[in-house]
Structure formats: structure tokens, C-alpha cells
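Same chain, two partners: subunit A is paired with subunit B first, then with subunit C.
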Partner chain A sequence: MDKKTAVYICTGCGIGESLDTEALVKVATKEGKVPVCKTHGFFCGPEGLAQIKNDIENEGVNSVVIAACSSRVNYDVFDFGPAVLTERANIREQVTWTHKANDEDTQMMAEDNLRMSLAKIKHVEPLEPFQGENMVKTVLVVGGGLTGITAALEAAKTGYKTVLVEKNQALGGWLNGLHRLAPRKAPYTMPEEVDIADKIKELSLYPDLKVYTGAEIEEIAGAPGMFDVSIRQDSGISTERVGSVILATGAVPYDATKLQHLGYGKFANVITAQKLEELAGQGKIVRPGDGKEVQSIAFIQCAGSRDPEHLPYCSAVCCVESLKQATYLKEQNPEASVYIFYKDLRAPGEYERLYKKVQQDGAIFVRGDITGIDEDDEKNLIVRAQDVLTLSEISTESVDMVVLATGMVPTTAFGENPEAQTETESGDKAPAGEVILKSNLLNLAYRQGPELPTLKYGFSDSNFICFPYETRRTGIYAAGSVRAPMDEASSAEDAAGAAMKAIQCMELSDQGSAVHPRVWDLSFPEFAMQRCTQCKRCTVECPFGAINEDEKANPLPNPTRCRRCGVCMGACPERIISFKNYSVPMIGSMIKAIEVPDEDEEKPRILVFACENDAYPAVDMAGINGLRYNSWVRIIPVRCLGSINLVWIADTLSNGIDGILLLGCKHGDDYQCHFVKGSELAEYRLSKVSETLDRLSLESDRVRMEEVSIVDYDKIPAILDSFAERLEELGPNPYKGF
Partner chain B sequence: MALRSILVVGGGISGLTAAVEASEAGSEVYLVEKRPYLGGRVAQMNQYFPKLCPPNCGLEINFRRIKQNPRIRIFTLSEVEKIEGVEGNFTVTVKANPRYVNENCTACGKCAQVCPVQRENEFNYGLGKTPAIYKAHEFAFPLKYVIDDQACLGAECGKCLEACQYQAIELDMQAKSFKLNVGAIVWATGWGPYDAAKIDYYGYGRYENVVTNVIFERLASANGPTGGKLLRPSDGKEPESIAFIQCAGSRDENHLPYCSAVCCMASLKQATYVKALNPAAKVYMFYIDVRAMGKHEDFYTKVADDITLVKGKVGEVSEDPATKDLTLQVEDQLTGNIMRQKVDLVVLATGMVPATFDAKIPLSVSYDEDGFIASDSQQPGIYGAGCVKKPMDVASSVKDATAAALKAIQSTVRR
Partner chain C sequence: MDEIKNVSLEMKDYIASSGAETLSWCMQCGLCTNLCPWRLVPGEVSENFNIRKMQRLGQLGLEGFEEENILFACVTCGMCQINCPRKVEIIDNVRSMRNTTVGAGFLPPHLRPIAGSLHANGNPWSGEREKRAAWQNGLDIPAFTEDTEYLLFVCCTSCYDTRSKKIATSIVRLLKAAGVNFGVLTAEENCCGESIRKLGDEELFQKLAQGNIDLFKRKGVKKIITTSPHCLYAFKKDYPELGGEFEVMHYSEVLAQLVKEGKLSFPQELARKVTFHDPCYLGRHNQVFDPPRELIQSIPGVEFVELDRSRNKSLCCAGGGGRIWAEVPMGERFGELRITGAVEKQADTLVTACPYCIIMLDDACAGLEKGDVLQVMEMSELLCTALDTK
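The block that comes next holds the complex of A and B.
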């Protein structure tokens, strides 16, 4: 693209009073040789904007640098449409508002910020969105229980073609085995009829909703908009092309045979909650062994849950399920004795009313740990427990039946654990290798493993509280109890939410746009394959499994799987990966644009790479709060710290810059990096930099990484100032002036 | 044909999510928020459980999604007055209250520096003051100042008018009503904390050192009234002992009969604030049941090691008038023993009241007796999202709002 660049330097918001804007104009016109450069006291106002728009419409300006406030604000105001490239040089929050007015160092900082923006815009090219071939907008739902059926119905109701695949011959899943559902509507005290049959019937109302039962997914290959699915049904294979996938394979009860200490398998009348549903469904609740009508019953909560020996987590529904089952017995015989042994009775929200009802109906609640279960001659059971507080021993009269409220285990927690394939050719171990079990659910033809990566305990949940559908496999969304322990009402909501995300992903992919968290980003990575050395780093390190490999280990990118974080660009030692608006040479030229004063001027320089999601706004916030920090700092925002290519470190140091600071998101189990492991990878790669520094005879202290979140703005000055102090101790970079 | 646009009422985490999700799938969305900024109650929180991460991080991403999104129009300081019509074709009357500051505002802050009046800072639940022209909070989006017309002295003063270089202040700005035509409505007006003063025996409102969980979030926030230092209101002393009283109003026939579902985790989280600042502080949590659902159990077991958990409902809080210290009287439910515990600060884990308890949707919609929108609301095309449906935490609200966004889209494509 032939660029005609114009620079607009705003003098409002205190900028004009604290900077020599004429000198900034010279940077643009003399050094940057831009044909148009204007100053105004209020560029975001109507008059200022009119000037810019006039230059675009009448003077042929097609690339614009606004030297003013941060790109965090006035985003909409300075948007001149897709045909005009726009770059913002931050001289308000990160210069004028954080540094001494009319000071030489502040001025140098503003000039460097403008130089970096000028260098950057030279490298930016207009975006051409990726267009896949034969893209479709069909949703595949794997699992035909409540969640899967609901997801399929919701997608169909929104007008999308849908394919539903269920392993069993019958649809309905877990609900087929239930006698009643816990109450979902006021007055919240009466169990409700199981209505799954109605939903199954409803499926047939949608001609574009195709159901495969007794079927399994043989393979899913491809990418959002273009997944090719092989479905094995009976002995035949059917194929479907779909745009996105919902995993709704649910959970199974914890294996009660592991609960022998609670008498399961040992005593005939110790049964699971699942079995009680079956007995209740047959009419009168009678003992399976001798057919005796049950007059007394004990429910044992957390049978296998909240137990480090079994499931450490709470299964979230068992308390309410037991309350519901207590009503079965009370309905059959109001005089029946019901004991409920529990640790904490967890009946959240309106389920409290069910709890109250069961209490009023005379159930006895005992808070204690089970110490033993005995059987008498008549196969009745005596439950002994220790009261948690008083430590006294409590035991029941003999009861006819004991019900174990077993917890739930997600279907993604089963399967063979293949050797984690995180080896790169050089033998480096990449951090955060994800465990992906061969659970035989999705069978993804992905280099990174056949299923969704899971979090703790095998649930394929999101790591983000504010983004529960954040997924590490683009276009594939988990819903229901495969994602986290949840009840029927939550599963149905979750199904609709996942359907929303699945539809959204297809619509965005169709336009060539990224999905969350970079929706509307039309850029995507391009690979200069002739220089690829098949090192596999990009395929291994991509947090989203976007890149496959051919048999010669060449990367095979899938742009619609890509989340545009740039981790592959950071990983590539040959620097063959770039985006049209974000590339290794682009940042390299920004680094070179920084003017580095001679050693005797005693003005060290610090380059900060700041994650644009959290760290960069945090620095802005320091400005909004009028905090001061060292003016030797120059800041380059990056999509993710994981996109930092190590060559930039070398570029920076060989340019004579004294130190480099990486500001990015927290990593570890509770990571806050929106690209999963970007910040962790950056730290890992930095650990490798020491070799380079040694080769250059430089101290490794010159490169530092700090974790900051958006609210840590009050810590920014201390972080920057202490690093500057350390660099002063180390003395100037010996490469200065070379 | 149904109208394709969607109205979302409420700009907290649920409404924000519903708006962004629907628009990213292709819908035109109007987002109406009563306050001068988006983010609602989560913007007032210090951290989320169980990750202890800052809500502003996720809000920043959502705001960026809005900034880049041509399909969302935001109306702050606005309220829905009237809804007419049916699913697929609603006419909604929206009243936009005056901000008195126009889009010229650059948030440079010069106006606030010259403003001679102070007003109560409602963002900090009344702790501390702001000038009458103020920025709601540091992360406010949109980042524009606003004038509190109850406090402002008006044109006679006019100091801010002189200070503003951008003609951004219009003291004569008037409320405006306008109509929107939409195919579906998502109602996500959220919740409010139960009025703790109604729980007479806990002394909130009478004893300065009895605070609520929502206020405690502000006390712990770096951008709160104490700059993130936990200081007790009576004397600014750093508390050495803190008691959290669970079910303050919840699970109580005389107050809220339901469980508010988030307070246990919220108190456990707040206990970590205390311990992070002062590891030696004594933290007590008085509870009926600790409801840490699902994987939150991990967080509970981790925090439980650092604090004293007592199963029992606190009967009464009394104050020593001289020291302003507090004494809790608790009946241990199992032993029947009466326990007395003296502490420096009491935090009431007050429950959630749906906004729809008082402010109903201006159209016939059914509610349960607690004011939550009924799961079968009897009003096609209008969907509740988040805490107007039942008490829920942030992740559940986001999930629910995403689902509501899809339901709303369905109403706009139905023929």
C-alpha cells in the first residue's frame, strides 16, 4: 500500500503546556518526513476531527498517527474506517500526566513515543480477512442428555443447522434414570416431573436438526467453519461438515465400589442415589434384596466427595438430590424415618425452601463424619457417626436402607494418558504441558491431542470467572456437567450459553474475525514457509492447538482456530511468522527508532514490553492518578508477552538500551493471561536469554519480568524506579554508541 | 418479520455480557444503564473468588469489546420508562437523565479541581466524598465526568465552566425521553445488598464497626476510601480481629428465606484480604453451613486452615461504647452452649435482593414471592439474566447472560 501519512499532535489536556510541540512537529516532518503534520488543542473535538477527516477526504491521507491520549480512550472518535490505518502515540497518560512538565527527559520521551509510532505505521499493511473454503454454519452437539438436547434445540431455534450425536440408542442420558427433578420453580418445595421426553419430542420439530443415536465420533478434523466429522453408527461411517462443536457428554457417578468403608458391595441394602431413583420410579420403594418396604432410610452425603482419598471437590448437587429423595419416602409414608448425614448442607438459592420443607416433614439431619456402618441379622443397617464439634458418637436406630450420595466425575476424566508430546526437536521441555486423556469423545485430529484440555479434576472448565466459555480449542465449547458439577437448571442454561458461543464463533469465522478475546481482529499469522526449519516450536507452544503438522513436521496453520495472540510469532527462531499489522520487523524498527543518548549524557534507557490487556492499561492508570515514574522508560505494547520474539531482546541491547522489562499477566494455576500460557512462555524464554547475554558479556539483570494486573497501577512507579536503580548500579550498556 | 435489534437493561456484568455476546453474533444492541458508568456491582469489588483476580481485568476486556464494536449503543444514566408491544416488536421508552457533561469531555479533571462542593461518594457506599462534578471511579467507562445535580450549586457557581477548556459542561442539560424499537429485551438489573439495618440485633447503622460485605470490598480496594488498607471506621485502627457473620438476613424467615448462594465464598475470600495484609489477625467466621460448591471446595479447605470457623448463628452483637469494640453472642447449635467473642470489626455477610423486588419490569411479568423473575415469566421476548433470576455468582451470571443473549436472538429471528 502506498501510504500518505499524516501526524496530528494534540496540545490539549495539559500536553501543550508541558511539551515543546514544535519540536515534536520537527520529529514528524524532518526525521519522519511525513507530508502532513498538524497541531490542535482539541483533536477529539468537532473542529479537530474535521481537520483530520478533511485531510483524509481531500488530501489523500490514508495513514494517520495521533499523538495524544492513550489508545484506551477515544477509540471510536479516532476510527476513520478500515481504509485508513490509524496509530496512536501516547503522550498524555504515559508522558504528560506522569512526568515533569517542560523537562528535557519528558520531551525526549514524547519524541521517542512519536518516533516509535512513525516506525510502526510504516510496517502496518491493510488487513485482508481470511476466507476459508466451503465454510458452513452447522453446530455439532456431542452428547444427547439434557445438556446436549437443550443445546441442539437452542441452536435450531435460532435458525442454525444442527447435528446431535448420542452414544446410546436412546436420547435423554442421566435424566432417563430419574424419578423426579429437584424443584426449579416457586414454591420450590415440590419435586417436578421429569420432562426430558417432551424435549426429545421437540427435536423432531426442526427439520434441520439431525440426530444420530447409537453413534460415536470417530474423528473431528479441521477448524471452525470447516470441521469434518466422521460419525460411526452401527458399522457405517457418516460424515458431516460443521462449523462449531459443543461437548455435552456429561458426568458419571463416582464408582461406589470404591466406597467399601461405607458398606457398598458389602451390605445389600447400601445403595447409591442413582439406584434409589430407579426404585422410586418402579412405584413403592422396596429393598432390592428382600422386597421389604422401606420405612426408614439414611442418606450419606459426600459419599466420595469432599474427600481427599476420593473426589476432593464438592459435587454440588448431591445435597439437593438427597433432599428430593427424602420427599419420595415421605410421600410414600409420612411416618418414615429419614436421616441425613452431612458435612455442610448445601442447598443454595431457593433450594433452601426444599431443605426447610424436608426439615419440617421431620427428617433428622446429623452433621458428622461416618465412622462405620453395621448390618444386623435382618439386613438392617446401623449408621455410626462422630459429631464434628462435640466429637461424641452418634448412631441411628437400625434403618432399612442406606443411600450413598455419590458425586460426579466428568466423562473427560477417563481414558489413557498418552505420553505428553511436548518435546521439541532440540529437546527443550516447553512449560505447562497440558494433559489430554484419550477419552474417546471428540477424537480431534489435532497434533496437540484428541480432546479438550481440562482443568483440575478432569473438568473441561474455563479458567476465567468473567469468561466461562473461554476455551482452549477455538470453536469447541463444553457445557453441562462435563465442565463443572452442576444441576439440571444450570446445565440447561449452560447449554444455551454454549450454543450462543458456538453460533458466534461460526459467524465471526465467516467474516474472517478472531473470536474472544480479540473479536474484530481480522489479522492472522502468515508463515514464510521457505525459511521454516521444522523445529515444531510454533505447533507445541500455540496455546490453542491451532497449528497441525504434516509428516515432515512442517506447520499447517488453521487461521480459524487462531486467536491472534502471536505466541507462535514469539516462538519462531527463524522469524517466519508475522501478521500484517504486527510483526518481528515492525517491533524491531520501533526499537531502533528510540534515540539512545551517549554514555556521557547519563541518560539510560529502559524498554518495557507491556501486555496490552492488563499491563498497558495499568501504566495508563498510573497516569490518570497522577503518579510519577522514571522518564528513561519507553513502552511498547504487545498482544501478549508470549508474542515477544527473543530477537527483540538482542535488538534492544545492541541498540544500546540499558535494560528490558517485561510487564505481563500472572501465570501459574490461577493464571490471568488471556492467552493461557503466554506470560509463562515469556518467562521460560527469558530464562534462555542469559546465554545470549553471556555471549554479549552483559549482566542478566538487565532483563527482568514482572507480573502486574490492571489494578496494580500504584505499584508501577516502584517497579520502574527500582529497575532503573538496578541499572544505574550495573552502569551503562557497553554496546551504547556501537 | 421480527425486529432484529435487542435491548439490554442493566450494564453490570450480566447486562454487559448479554450485550456483547449478542452483538458479536451479529445483533444490533442497545444497552441501557442507570448509573453513569458500566460495570455495575462488580466494578465495586476488589477481587473475585476463588482466583483472587481483579474484576477490572475482565471489565477492561469487555469494554474493549464494546469500543471496537459498531453494533452496540450505550445509554448511561438512563432508565426504561415504558414497554409496549409484543415479542418481535417492542416499543420501549427510555429516559436519559442529564450528565451535564457532553462528549467533549477529555477526563482531564480540571473541573473537579475547582468544584467547591463535596458530595457523598456512593461508589464507596458513602465512605468518603467527591466533588459535585466527579469521575465515578478510576476505571469508569465511559471515561467522562458527571455532575450530581443534587449537590451542584448550578450556574451561579459556574467554576467548572470556566475551568473546562473543551466546552464539555452544560449545566442546563435536560432529561430526554426517546423511543427504541426492538425485537427482544434482556432484563439484567442485578441485585442490591439486603438492608442490614433491618437485622436490628447486629447493630448495623448503630455501631460504626459493623460493616457489610459490600462495604468491606471497598475497604479492601486499592481505589477505595482507605486506599486498600483495612481500617475500621470508628478510629481508623487496623483491626486485629474480625468476625464474619454468615446468613445476615439470608436463610431467615424474618428476612430472606432463601440462601444468597455467594456469601460463604465471599466471606472466605474477604478473609484472605485480611490475612494478606495482616497474617497475625484473628479471623472468625460464624456460619450455618459453608456452601462452597463444586471446585470452590478447594478454596474453602485452603482458607479454613487460616481462620476459625464456628458453626452457629450469631444471636446478637453488642458494642463497648468506649472502645467501640464488639462482642458477639453465638449459640452453638449442637451443644447449646453460649459463646461470647470480642472482636475489632464485624462484617455482615448480607444477602442478595433482586433489583426486581422493588423495580419491576414495566410490563406484565411474573415473579416469585422473593421478587425474582419467575423461570416461566409468562412474557415472550423478555428474558431475565443474572441475579434477577436467582442469587448467583459472577461466573454463573455470565453464563446465564450468554444464554439470555441467545434467547433474545431467537425472539428476533422468529417469524
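The block that comes next holds the complex of A and C.
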């Protein structure tokens, strides 16, 4: 594209009073040689905007640099349509508002920011949104329990074609085995009828909702908007093309045969909560072995849950389920004795009322660990436990039955581990390889494995703070208890949320746009394939499995699977991956645009790569709050720390810049990285660069990484200044001036 | 944790059936224990008595709550009960648990004379029945007749105890000054039975109460003025269960209303700095907070100051729940905290409106030797001093 670039330097918001704007104009016109450069006191106002629009319409300006406020504000005001490239130089939040007015160093900072923007816009090309072939807007729902049925109904109600696939012959899933549901409406004290049949019936109201029962997914290939699904039903295979997928395969109870310490399998009348539902459904609750009517019962909560030997986590619903089951017995016989042994009774929200009801009906709640269960001659059971509330070990009178409240295991936690045989290389601190079990749920034809990446307990991985339904496979959304342990109400809510996300995904893919968190980003990575060395790093490191591989091991990108984070760009040692508005040479030229004073001027320079999602806004907020930090820093926003290509480190240091700071999101188990693995990968890659730095006799301390979240703006000055202090100790970069 | 304790559902059910209907509502959060006034003092009772744990033992029917320092420690001040998130009737539970041993004849030795006197004399103070009305000699108090509006019911303590008699005579004087149509049946009355019921002797309580109810009905009593908040509680909260429905008021409520109506005033200026101790049974249990404050502040010249713990947060004097008869070492008495609190506020007069509180606070004031800076007064006494100009 032939660019005619114009620079608009705003003098409002205190900028004009703090900076020498004439000098900035010179940077644009003399150094940058732009044909148009204007200043105005209020560019975001009607008069200022009119000037810019006039230049675009009448002077042929097609690329615009606004030197003013942060790109995080007024982005709608300074949007001149897809034909005009727009770049923002931040001289307000990160310069004027954080540094001394009319100061030489502040001025240098503003000028460098303008230089970087000018360098960047030279590399930016107009975006051409990706258009897939034969894209459709059909939602596939895998799993026909409460969550799946609700999700299918929600999608169908909004007018989208929907396909629902259920493994069993009957729809309804877990609810088919329940006698009653925990209360969902006022007064929240009495269990309710299981109403899944009504929902199943409702499915038939939507002609565009197709249901496969007794069916399994044979394979899902393709990408959002273009998934090709093979469905095996009886002996035949049907195919469907769908736009997005909702995984709602739920969870199963923890295997009680592993709970022999609680008497399961040893004593006939120790049963599971699931079994009690079955017994209650048959009428009077009697013992399965001898038919004795149950007059006394003990529920044991966290049976195999919150237990390092079994499930370490809480399954969220078992306490309420046991409370519900206690009402079964009290309904049958108000004089029945009920014990509930628990660790912490978790009856959140309105369920408290059910808990209260069961208490008021006289159930005995015992907090503490079970120390033993014995059987007497009549096959009754005696439970012993530490009662923490009296600090003593207590023993119950004999009860007719013991019910184990077993936790939930997601259906994604089962299946053969394809990597179980491969030896792991020792001594390499590389992020642990993703283990994707062959759970036979989605059977994705993805290079990275057939199912969704999961967290350590087998629940599907997602950024639980910002994007709970999103999985690490774009266009595939997990809902219900396959995502996290949850009750019926939450499952239904999850289903609606996931349906909405699935629809958004199809619509955005159709427009060629990224989905969360870069919605409306029309860029996508392009591969200069002739230079690819088939190293596979992009295919392995993409957190979203966006890149497949052909038979010659060349990467096969799927733009609609891509979240546009640039992790592939950061990974590629050959630097063949670029976006039209974000590339390795583009950032490289921004680095080179920074003026590095000579050593004797004693003006060090620090380059900060700041993650656009949290770190960059945090730095802006430091400015909004009037905090101060040293004026040696130059900040380049990056899509994700994972997009940082190591060549930029070399570029920076060879430019004589004294230190590099990576500011990004928290990683680890409680990661906040918007692209899940980006900041973790950045840290790993950085560990490699330290070796190189040491080899060049450059102190590895010159490169530092810090985690910040968006609320940490108050820590920004300390982070930037302490790094500056460390660099002062190290002295100037010896490559300065080379 | 040595031996295994066996849960007894029979015991649990027995306690519940004696009146602890809300025992199983307790979720053992422990708020009660932390709000308990026993936490504010050191000593053996404080170390042993944990109201949360006592409820727990009851829930499981476990042994261990019968020990005297536990079972008879609660002062029934109601601080825990009004704050309980589960609305557990904790005092009823205490009463029922006491009843499981007291009902079986195991009253602690120091309480046996009290019960004996109640049986024999109709009062806990070993006073002869014939002398119940002796304090009225020369006061010209009308007998209650069918034409009388109010029955004045005087607490046993103020009938027999020399110090406490002053309260009764003061109240009589105030009622007369205001022209209240009242009369007495003192000689024929029994103790209201409030404290003995709290001590768990349900049978004795019912006997005393039934006697009073029969008397009141026979004489055509409709409205009762009590001198003690404890009698107020018994008549309002306990008697209706036994068929005794009367309109009952504490004298402070009656007098405050009369002041508002202009029928009673206090012309004498008193240059005193006065603070008020809310009796638990007047305040927390009957929610009467404003009338005493209005009365005190209607005296010209009085500067009124609140204690740090006042109204619903008032600190018990330790005289409720039968604790008036308990021996408590110095340094462990709640009353001492009240005296100290009043002295810290630089009040010269600590006023309260309950004969039990007067006993406990007088005791504490003397024990702490604060008599030179602080005078403990029943409210009626203070009001009387302001009745006539000198």
C-alpha cells in the first residue's frame, strides 16, 4: 500500500503545557518526513476530528498517527474505517501524566514514543479478513443430559440450527437416575420433582434441532465455522457440518470400590448416594439385602473427596444432595434418625434453607473425620468419628444404612494416556507437555490430541476468571459438570452461557474476526512457508491447537481456530509468522527507532514489553492516578508475552539499550494469562536467553520478567524503578555505541 | 481424646422434650460462646463453661454437661440468644438441660434451701409467708379490689431484703404521686417463679405460677405493674403457657407514660452525672430501653451518660438464671466490670431498675471500694429524691 502518513499531535489534557510540541513536530516532519503534521488542543473534539477527516478525504491521507492519549481510550473516536491505518503514540498517560513537565528526559520519552509509532506504521498493512469456505452456523451439542439439552434449547430458541448427540438411547443423563431434585424455588426446603422429561419434550418443538441418540462422535475435523463431524449411530455414520461445539458430557460418581476404608464392598448396607436415589425411586427405602425398612441412616460426606488419596477437590453438590436425601427418610418416617458426618457443610445460597430444615427436623450433624465403621450381627452399622465440636471421639447408635456421598469425576478424566509410554527428558525445565487422554468424547482430528486440554483434575482448562466457558480449543465450549463440579441450576446457567459463546464464535468467524479476548481483530497469522524448517514449535506451543500439520510436517494453520495471540510468532526461530499489523520486523524497527544516548550522557534506556491485556492498562492507570516513575523506560505493547520473539532481545541489547523488562500476566495453576500459556512460555524462553546473555558476558539480570495484574497499577513505579536501580548497579550496556 | 463417647438419642430426645425444641437448630457456629459475658472474666467457671459446647453435648446426648460449673453457669442474659443466626432458643435449652438433673432431684447443694423456701414460704429468701407484707406497715397502701385498675406485684426480694424494701416503698410513693389507681395482694402472692424455672425446677415453678394465676383470676386482676423485670418476664412470657393472660408492665413503663401525660413531674433539680445499667430482663428480654432513660432525663439538672455496653448490648450483672445465689470470687464478677465502666464514664450515680441488679452492683461497688465516687441507686429511689423541692 502506498502510504500518505499524517501525524496529529494533541496538546490537550496537559500535554501542551508539559512538552515542547514544536520539537515533536520536527521529529515527525524532519526525521519521519511525514507530509502532514498538525497540532491541536482537542483532537478528539469535533473541530479536531474534522481536521483529520478533511485530510483523509481531501488530502489523500491514508495512514494516521495520533500522538495523544493511550490507545486504550478514544479508540472509537479515532477509528477512520478499515481503509485508514491508525496508530497511537501514547504521550499522555505514559509521558505527561507520569513525568516531570518541561523536562529534557520527559521530552525525549515523548519523542521516542512518536518515533516508535512512526516506525510501526511503516510496517502495518491493511487487513483482509479471513474467509473460510462453506462456513455454517450450526451448533453441535455433545451430551444429552440437563446441560446438553438446555444448551441445545437455548441455541435453537435463538434461531440457530442445532445438533444434539447423546451416547445413550435415552436423553436425560444423570437426572434419569434421581428420585427428586434439590429445591430450586421458594421456600427452598422441599425437594422437587425431576422435570427433565418436560425439557426433552420441548426439544421436539424446534424443527431445526436434530437429535441423535445412541450415538457417539466418531470424529470432529476442521475449525470454527467449518467443523466436519462424523456421528456413529448404530452401525451407520452420519456427517454434519457445524460452526461450533458445546461439550456437555458431564461427570460420573467417584468409584466407590476404592472406599473400602468406609466399608463399601465390605458391609452390605454401606451404599452410594446414587444407589439411595434408586432405592428411594422404588418407593419405601428398604435395605437391598434383607428388605429391612430403613429407620436410621448415616450420610458420610466427602467420601473420597477433599482427600489427597482420592479426589483432592470438593464436588460442590454432595452436601446438598445428602441433605435432600435426608428429607426422603424423614418424609417416610419423621422419627427416623439421621446422622450427617461432614468436613465442612457446603450448602451455598438458598440451599441454606434446606440445611436449616434438615437441622430443625432433628438430624445430627457431626463435623470431623470418620475413624471407623463396624457392622453388628444384624448387619447394622456403627460409625465412629472425631467430633471436633466436643473434641472427642464419638460412636453412633447402630444405624440401618450408611450412604457415601461420593464426588464427581469429569468424563474428560478417563481414557488411555497416549504419552504414558514415552520417556520424559530429564533436566529440561520445559513446560510440562499437555497430556490429552483419549476420552472418546469429541475425537478431534487435531495434531495436538483428540480432546480438550484439561487441568490437573481432568476438568477442561479455561481462563476461569474472564472466560469460563472457553476451552483451549477455539469454537468448543465446555458447560456443566464436565467443566467444573456444579449443581443443576449452575449447569443450566452454564449451558446458556456456552450456547451464547458458541453463537458468538460462529458469527465472528463468519466476519473473519477473532473471538475472545481479541473480538473484532481481523488480523491473522500468515506463514512464509518457503522458509519453514518444520521445527514444529508453532504447532506444539500454540495454546489453542490452531495449527495442524501436513504429511511433510509443514504447519497447516486454521485461522478460525486462532486467537491472534502471536504465541506462534514468538515461537518461530525462522520468524516466518507475521500478522499484517504485528510482526517481528515491525517490533524490531520500533526498537531501532529508540534513540539511545551515549554512555557519558548517563541516560540509560530500558525497554518494557508490556502485555496489552493487563500490564499496559496497569501502566496507563499509574498515569491516571498521577504516579511517577523513571523516564528511562520505553514501552512497547505486545499482544501477549508469548508473542515475544527472542530476536527482539538481541535487537534491543545490540541497540545499546541497558535492560529489558517483560511485564505480563501471572502464570501457574492460577494463571491470569488471557492466552493461557503465553506468560509461562515467555518465562521459559527467557530462561534460554539468559544462557545466551551470559555467553556474551552480558549479565542475565539485564532481562527481567515481572507479573502484574490490572489492579497492580500502584506497584508499577516500584517495579520500573527497582529495575532501573539494578541496571545502574550493573552499569551501562557495553554494546552501547557499537 | 481418650475414650469413645456414645451418642444417646434417648438422652437427646429427653432434653428436647423438656422444652429444648430448638436444640437441633444449632449449627455450632460458636457466636454464642464469643458473646457470652463469661468470656470477659477469668476463673474456673469461665474456663469450663462454653455455651456452644454445652448445646453440642445436648445434641448428641453425651455426658459431661451435668457438672455444676457448666450446667448452672449460664446467667440467662440472652446476649447469645438475640444474636443467634439460627434463632436457637438457647435459654430454653439451658433450662431443659438443667431440668434433666433437677427434675430427677439433683439440685446443687447451695440451691436446695432456695427451693425449700419456695416450697414452704412461696419466696426464695427464707422469709416467713406471714411477713411478706410487713414492709407495707404505715404506708397506707390500698388492697386490690375489683375496682382497682392495677395490681402492684412486688418482687420477693423487695418484700424481705432490707436494702431492697426501699425500692418497693419508692415505687409506691411514685405511683401515689402520679395518682395511679393501684392496689396490692402481697400477703397472698407467691414468688413469680422466674428464677426457679431457669434453674430447671419446672414442677416447682408450675406450682408457684398456678397459685398466682388462680389468685389473680379470683381477684379479677387484669393489669399488673411489676417492680422487678424478672416478674415482668414470668408474667408476660411464662404464665400464658399456663393460662395466665394479663396486661403486664414494668413500673418504668407506667411512670414514663405518666410523665409524658404530665401527670408526674420532678421539680427538684439534681446535680448528678447519671448512667444507666440495662437489666437483661428489662432490656434484652422485654425490649424496654427508652422509658428508664426518659425518666432519668426528665429530672432537671441530671447529666445522662451511656455506658459503653448499653441497651441490647448491655452487660449482665450476673444475677439471672439463679446466679444471684451463686458464690463467685472477687475478680470474676460481671458487676465489677459495670462499676468500672461507670467510673470510667465519670458518672457519680449508677442507676438500674431491677432488685437483682441492685444486689449484684452494690456488692461489686463495695468490693471495689468505689462507694466514695459512685452511688448505686435503683431508679425509683433516684426519682423519689427529685419528687419534692427541698
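The rule is short, and it goes like this: the second predicted complex is superposed on the first by the 711 of 738 C-alpha atoms of A that agree within 3 Å, B and C clash if a C-alpha of one lies under 4 Å from a C-alpha of the other, contacts with A are read in each partner's own complex, and residues count from 1 in each chain.
Following the convention adopted for this analysis, a residue touches a chain if its C-beta (ideal position, glycine included) is under 8 Å from a C-beta of that chain, and two chains touch if they have at least 3 such contacts.
On a predicted model such as this, the values are computed, not experimentally measured, just so you know.
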{"item": "Joint occupancy of subunit A by subunit B and subunit C, clash or fit", "value": "clash"}
{"item": "Contacts of A:A316 with subunit B and subunit C, given as first, second, both or neither", "value": "first"}
{"item": "Which of subunit B and subunit C A:R367 touches, first, second, both or neither", "value": "both"}
{"item": "Residue contacts on subunit A - larger count, subunit B or subunit C", "value": "B"}
{"item": "Which of subunit B and subunit C A:L391 touches, first, second, both or neither", "value": "second"}
{"item": "Partner chain(s) touched by A:K501 [first = subunit B, second = subunit C, both, neither]", "value": "first"}
{"item": "First, second, both or neither for A:S337, with subunit B first and subunit C second", "value": "second"}
{"item": "First (subunit B), second (subunit C), both or neither touched by A:R346", "value": "first"}
{"item": "Subunit B versus subunit C as contact partner of A:Y735, first or second or both or neither", "value": "neither"}
{"item": "Which superposed partner A:F414 touches (first subunit B, second subunit C, both, neither)", "value": "neither"}
{"item": "Interface residues of subunit A shared between complexes with subunit B and subunit C", "value": "345, 356, 367, 387, 389-390"}
{"item": "Subunit A-facing residues of subunit C, complex", "value": "1, 3-9, 12, 16, 22, 24-28, 52-53, 56-57, 59-60, 62, 64, 86"}
{"item": "Touch list for subunit B against partner subunit A, complex", "value": "13, 21, 24-26, 48, 50-62, 65, 67-69, 104, 106-108, 138-139, 143, 165-166, 222-223, 251, 257-261, 289-298, 301, 311, 332, 334-335, 368-370, 372, 374-376, 390-392, 394-396, 398-400, 402-403, 405-407, 409-410, 413"}
{"item": "Touching residues (chain side subunit A, partner subunit B) in the complex", "value": "12-14, 41-42, 44-45, 69, 73, 75-76, 154, 157-159, 184-188, 306, 312-316, 344-353, 356, 367, 387-390, 456-457, 459, 461-462, 464-469, 484-486, 489-490, 493-497, 499-501, 503-504, 507-508, 516-517, 519-520, 613-614, 617, 621, 624-625, 666, 670, 672, 674, 709-711, 714"}
{"item": "Subunit C partner contacts - residues on subunit A that touch it in the complex", "value": "337, 345, 355-356, 359-367, 384, 386-387, 389-397"}
